[in-house]
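In the two complexes that follow, chain A is the common piece, with chain B as its partner first and chain C second.
Showing the complex of A and B:
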């Protein structure tokens, strides 16, 4: 009896504390994201429900994620942070954390427990790749191909990229070393677990570039995620790499003769960071929002609008159907067992170290 | 002339003038020269007052930010600010010898790293130095996580065992307020930094535990023979005992955190980038690199900026040239057609101005790509085989076509405004005097239109050399400009120093070309209307 009373009392206290805190929260929030279908999925899955619960809160979107790192640094130097929550890829989150531009957080305190009772830290697992990074989705960079241009034998292997005899025609690859160097080594006979060891050495880097050199004249280099889908739809290329969500929309929403080659897809993460140096009221609002927006149900809801996998393990069973097309979304997730038979895990630490060096070599090779 | 001369006869006035040897005076008696200077000054001030708002605006929004950005190309405060003691001790280290730095450097570095890690500045320094040496980024990140868990607590324990008062921060404050501060300079300096750090954190230094690194510096200085004899009993006791202390090698502690600390190259890089001003960014931007032996060329497979600068200049010239070829006839037509037709044409010239740059560039993609409009037409006409479609985009050709189209109005408009002031009667006069069409054009009309060409060329060339978005979209690998690399370093790699150096070089190249243009053509010959 006494225990119940204490429990009740402490619950009442917590609720009261919560209510007090709500009054000290800022009511304006600027969220930064990528625009397009992805931002739309965030708007539908968490922002609109959150605003229904908190009608006073007004939320403004800023579609600046692509330049978020540079802009945050400039804001920090000017001493005026105008953003409250920023959506970035994991590599940028690491960079921002290193630069002291993003706030470190404690997962147990900031994030909600999983619906299955697991702690936030276990639920997100290894996906918390930096002390500042709050994961939302798992996406992958993978290859899509034109089903009408590959003849009778559809490619099943990532090395089809380098096989210009069987699959003649142009390919599109991203205009940066990341992913391309790894694929080149994989297709040059390097075992998957050795790829980064090889890529650490100058000889390994030369080996990867030499492999890429064999298809250099057949490659269109893209720098925006929309390029490959457009090139595929126009029939400019026979295959090309891009984010799996973009390919999903070409295949399912636009009904183009395109299929996915999931082989050696490279998993990557996207999530939130909280800029360092927010005022207390703003930080309180952001924390409240993040706790809601990254809970199990919200992350699962997001998958109804875009084919990216939720970052929480506990969200996976809740993934349902596409909100408009009504198709089952699970088979389109990069994390689906059928799709992830052979995956490649992006090594953040490696690229944080080697990015400048390898990029110089890659760009030099590209320009020559 | 003064009032006293009034009423004199001209003869008297002349004589008075001759007698008057002083300076000429104005009507109010002040010397004329002074009075004139004052009037002129007032006029200048008024003029300055009128342009002041613009001047201030330009200064604040243009000169200061650009100057600040350009200064970053040589600024390198971060190493000396983050690792002050290390930089000082490392200055004496001989980088040519392949030996690692001595104990004093490790000691200083331990203290510096502790503060840097607490302030979360070590990762920032790591990413700065990673531009110069691969791997430093994770080296600093890993070490930052370890540095407050080093085994240096053995010194704390042993000193406290000798005398429990060592645990009391107040006793440290008292000790380092006295003569011991001179005998233990490193400990005293570290204590000051520790005090400052506590002020920053809003903590009272006397309520915090004395940190391990202070015990470590004390041990280090006592062990190296600091002259503290007779200052206090516990210092005497400590000095007598340190020789027997169980020790911890800081070098090993760092090597434990990451064995790369045993690589002299890391220390060479830190030493090389210690100064607050560096030429490293400029060296990088001309494909060179700083080494302890001086500036050396980079390996061939990392050279890129030379190629890009040359390509940017070459393509900008080609674009300017093709703009002149295309714009000249259009401008001529515009200025010679009847008003109504000319106006219609003018709208066609201006129309692209009202369309988004991105839309125009993307439209060229649709036109030029292999499955695009032009290739389809050529295949349909049978001029090109279906399996040998022309590659016209994602290369230099595509960039030149798209940029020529986008920059064309900047050439047509100055040309048109100059040509419309050339009286048509000159051409008729030349012809009536027996000139052929060509001679009349080349000897009479063309020289008068040169100022328009000059103005258009400068505009187009300067716009082209800094162009970014079109080469990014349609440039492929052979059509990208230096500005694309600058953008990469600003927004992706965050190497703003290198971006600033590249930008400075680009600015200087433009100024030199402008100067050369002035020498050859003469800037007075440029007319915008």
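Showing the complex of A and C:
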């Protein structure tokens, strides 16, 4: 209805549609997310139920999370914020919060209580890594491999990435230092608890790059989460890193000959931020939506569409079966005990401090 | 010595020419086929031998060309069927057709038919090589478009020819990406936006561009060249630069429309994108209309004025019908510019105004879904239909006006 009205009005071009009728909440929202299976899980788990409850609300997706920081800066500069709610990884949320581009919020006021009666603050616990960050899911970056291309001995640890003798062929890695540097050090004999201490020093950074150098010719660098699944399906690579949810979709939904290497998976968080500077009506609508979309049941529902762990403790017991395949989702969660025997804890503070330096070093190494 | 022989018999020498050349093609085809089944070197050797054998056998023992060609095609198709199912049969038939044609073409000296009889071997070679380049250019132009068509019927969610597809197994094909396009709100919104934005932007560019071209063709307008340069600049400046500038310019404009005039956010978004696209389309209209105006006889407007027509009547009744072809082709360019445009709309528009190219671009980056290919296929079919319709209409109107088509 709203859309037809807009279209008619814009066709006439001269007709001013007039102000939105006096209401407390705006009726359209632009949500920013990552596209693909992940955005689909959000659509199914909370956007569609929310629209059922509020039929007047129209919601548009913008698949721009990958460049959310740059775009929000530009929008802020131009004084024209077109986004209402933005899905970002925790590290981006911290940056946006520091720059004042994201709105700080009070968990007790904005978020619903847990189903088990725990307060929102306790329920999310220390996953609220920034005053602006509203956590949704825990995901991990891990490695998937072609089962038909690794010979008789399937890889069991992360160092298979660097073992081009046993597993010849191309591998794909993300085109940024995060995760790659840590894995390189782990496989160069550095103990897990020392990785970030070593990576602080220029020598440590050189050590990691030298290890990466040994496989540089065999690496295809990816920048979008969809790249590795496509390359795996094509058989162009023997193994590659990507998000565990994308691998789940390749393996279980697309039925490709691919398996998962959970070893040294790196946990990370993803969640919403509300851009700073929204008008009162828009903010009221966003708050209403966020309260609904991050409650215990909704976060648990999301896990029925994608293998990411809900950020609320109270959601975990509610995680059930995949919505279409009917398989039990718990064993596919990165947090499942079987999968998390050897995990690597991503250090936000370290990367907040060293990101720019190591990024520059990494990019110049790439260009060599 | 051998050259005289060629001219005399009309057939090149079997041992020194036909055999090695056809074997060479067999080598290439064998290598390619071998790659498909995973043993390129065996394919290469076998291909060379088969090529040489066919060159000799066909030219020496099967004088009737149609029998020879069909025999090879069917034999190759059967071999393909045995090794690779239905897909292998089709591939085999194609390879058989190519190599049997080539064997006769080389063996009978047909390749010399189109060159004068006194050409040297070098000139003959160059002539055929030239034809080959022309063919290659067509292939390079059209293959990327053709590849998209079968992939859009892929049953899987990847840009990959699956083994089922290569075997022509119905299991490997599906219409699900087309269903996805018609059933997903995101794609439908993008389609509607494209169908709203492009026509309106085209109307604006055509009206303004035609008027500007007519004005600028008058000799008494001061600073014509400078004005022309400014109007054409959006076509010359790199798009990303225009887009960055437009982002800030239209943001301010949008804030004014929204804040001061109280227009709704959605409407302002459309106005911004339409205006930006109209600006991009205007240079095309100006250039095509200016070119048409060169052939326009100015004495006609004076004659019309002499008969008492005012300038507006003259424009619509005399000038417009004569420059209409230029206006229409300018309009087509403007429409395609807007319909294809992704950079400016990413900057100026918000997600509510996302157009088809925007959705395709985003989809390619974030989820590599063959829905994009389904959309591309639909667009290719629509473009072909549109161009055919325009051409048919043009011929019809020329016939009605008593002119010959062409």
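Definition applied: the second predicted complex is superposed on the first by the 345 of 368 C-alpha atoms of A that agree within 3 Å, B and C clash if a C-alpha of one lies under 4 Å from a C-alpha of the other, contacts with A are read in each partner's own complex, and residues count from 1 in each chain.
As a working rule, contacts are C-beta pairs under 8 Å (C-beta built on N, C-alpha and C of every residue); 3 or more make two chains touch, one makes a residue touch a chain.
These numbers come from a predicted model, not from an experiment.
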Based on the superposed arrangement, let me know which partner A:82 touches: chain B (first), chain C (second), both, or neither?
-> second
Would you check which partner chain A:234 touches, where first means chain B only, second means chain C only, and both and neither mean what they say?
-> both
Please work out whether A:30 is in contact with chain B alone, chain C alone, both, or neither, and reply first, second, both or neither.
-> second
Which of chain B and chain C A:281 touches, first, second, both or neither = neither
Kindly classify A:113 by the partners it touches after superposition: chain B alone (first), chain C alone (second), both, or neither?
-> neither
In the overlay, answer first, second, both or neither for which of chain B and chain C A:225 touches.
-> second
Using the superposition on chain A described above, determine whether A:122 touches chain B (first), chain C (second), both, or neither.
-> neither
Where on chain A do the contacts from chain B and from chain C line up?
-> 66, 224, 234
Touching residues (chain side chain C, partner chain A) in the complex | 156-160, 186, 189, 192, 196, 200, 247-248, 251-252, 254-255, 261-267, 269-271, 274, 350-352, 354, 362-363, 365-368
Which part of chain A faces chain C closely enough to touch in the complex?
-> 2-3, 6-7, 9-11, 13, 16-20, 28, 30, 32, 34-37, 39, 60-64, 66, 74, 77-80, 82-83, 224-227, 229-230, 233-234, 254
Chain A residues within the chain B interface of the complex | 66-67, 69-70, 73, 95, 97-100, 104, 170, 175, 206, 209, 216, 220-221, 223-224, 234-236, 349, 352-357, 359-361, 363-368
Chain A touches which residues of chain B in the complex?
-> 120-121, 123-124, 126-127, 130-131, 134-138, 141, 301-304, 307-308, 311, 369-372, 394, 472-473, 476-478, 480, 485, 490-496
